[in-house]
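First the structure, then my questions, so here it is.
Residue numbering begins at 1 within each chain, and the chains themselves are lettered A, B, C and D in the order written.
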């Protein structure tokens, strides 16, 4: 049995959640799961339909994007995953999708404003939308640079990847992450729903104000931090 | 067998309706069912996925939010349920969800205007949206105060909880109630559909007028009151 | 065996199509099927969930709304069905729903403009929206008057019920009909989709023109009339 | 066994994908699959519900729209398929649907602007919307002329059918094609999703700019051309 079996299984199961949650059409998405001690992650093979996936088909890749084990070509977004794993030492899983509402906000190149407690339960800030890269970066090592674009934008905004586990890449689509691949998938579904609600909120009232600070603080602390009281 | 078995079962079955009706993502919702004689209610445990629920996992709580029986932590919204049961003596069940369209109206801090007979079949008034609480209440006993915010707003509007069985809490999401937990769930689904239709109606015609009084009266009386003739 | 078995069965099967086609929430809809020789129709009982329906539960009613056979109370909209059967001698089935998009147009009190061939395949005109009745009619024999409101509006518009098999009742919801109950259900689903497309079309382009006459004529004649060449 | 069995099977399977992908209501769509050596294609029979289809029911037609084998009447859009097969020698399958969002753009008579990488992964241009035909063409051999309207518009725009595999016909609905019937179905689903995202993007930001050239080029080349690195 391969020593990568556990991350293959974790990546497989997390990938299979994407179509169930309505977050992908065809193969427009991928999940990876990392093993920090081994310094590798398991990721979906490129362009393989979800119904044809199995744990064995996950590709094992190191943080410099070298294939360590596996016969299939890994996701075309592999370098973005590798960069984020290399620099963000506490994340255990990454998800990329083209989910409809989150992608529409990315195409509009707008942060998703925080309008309610559904958003505040998960983030204290507007969901950041990194601007499209400059043409040199796009023409160069594109997926590798995408990782840096994400990291640099969070840093510029003064946000920690441990607190903000989701981002839109302008003109492209969302990336989410978390301590596990499952949590990263959860974050993708939350982002999609929050993006949908924010869209509807603006349609219902064009001059809608952002959520006030006291509610942002209260709801985030209900679910997170030392005095949280949500869950078991 | 526990003397709370019947409300555990009622709360369980009502909770399981929420995902079937498309009203919740993950664990973003909860239902409770009360026993007035015993002075307790059964409520969903906090953060437990619907697929993992069973009647035994429901938590028994009294009207001062003390846990009476159960090993799991009850819903983080338990105090809101307790306050409403304590003061509204004729309700038998309460539902809280973050259903998409109702939540979008709550985020927009707007009452849902009565535009048609689907709405009038269930309410003679715009569905009220209570304003967000002031910061002191939010920072204090938040969920407990949410119950009072709901009650005070209905009172301010001159509405009876026996006639209006649904409310939006501004910036947050809907609460509904009813004589049974099942009826409260029914009201949540009706509210979501009415909220969706009102949104679409305003998109189709920006200057749409409210429903006229004669139609409001007629449709409500078809389903309610001494001369109702809907149902068996 | 009852001599009404065939219309009970037809009404039952047609009613069961409504939830499958996504046209009803809970019991917000009803279908009837007529026997012209016997002068009666079978209609859904009022307020009975679709999962609890059976052919035996359909109620047999004559064209003056008298119950002829059946132990349950018929749909609260029975008088509207009776009036239409009485005056429109060639229809075999009637459907009433509160389907989301059609109802939104009814609430907006707007005809659904003909914007494309999906619409023209079924109608050569904008789908008419009858204005709400005056208060006297509403306070009086409401469902009975609803039937006349529909008939009078079609007449006023110069439309034949044999050509236009669908209408919106302003502030209320759609009614459709056809030579059979099945065809009436088909028309309800078509109306809902056409209403949804028209809504989206106006969002995508606010000054969108109506479909031109040559396309209206061509598409309608493809499916209808002496030279139709659609279907088997 | 018929020498057309393979295209009957291919057309059948591709047709059955349409309802699964949510691209058709009732019978509002059709797929065909060609055999270039035999000079014929298999196409859905007209107006037959998808649940009643079988490979044997597919109709075999030549490029001049003559029925070669089959007892059922072929799709009313058969002449459009025949014209495209005759003139576009490298396509293997054609799909026509009235999918909701793509049809709404067609009704609005607008090209679908390229706003993001989901679009650029499949096309480097706005998805073209051919104008409605002039009245003479509509009154004449309508479906035959529809084929020429599509071809002429692509030519006028300087687009190759090998690069752009989808088009909207103004006031009508989408047509897509590809090297196989399966690929043509894939293109229909992609078009519907891209049309939906573009609609949402404009709602979220009314002055949204088109995608910049460097991103268009990068994403298209990831999936297509000599240096593509997507898929296996």
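To be clear about the criterion, a contact is a pair of C-beta atoms (placed from the backbone, for glycine too) under 8 Å apart; a residue touches a chain by one contact, two chains touch by 3 or more.
For reference, the UniProt names are A, B, C, D = L-ribulose-5-phosphate 4-epimerase.
Because the structure is a prediction, the values reported are computed rather than measured.
Subunit A and subunit C have CA centres that are 46 Å apart. With each centre defined as the average position of its C-alpha atoms, the distance from subunit B to subunit C rounds to 33 Å. Annotation for subunit B: residues touching 2 or more other chains are 203. Contact topology of the protein chains: cyclic, one closed ring where each chain has exactly two touching partners.
Interchain contacts (touch definition given at top) occur between A-B, A-D, B-C, C-D. Residues 25-26, 28, 45-48, 72-73, 76, 98, 100-101, 103-110, 132, 135, 138-139, 142, 171-173, 199, 202-203 of subunit D touch subunit C in their complex. Against subunit D, in their complex, subunit C makes its touches with residues 115-118, 186, 189-190, 193, 196-198, 200-201, 203-205, 208, 211-212, 214-215, 217-218, 222, 229-232.
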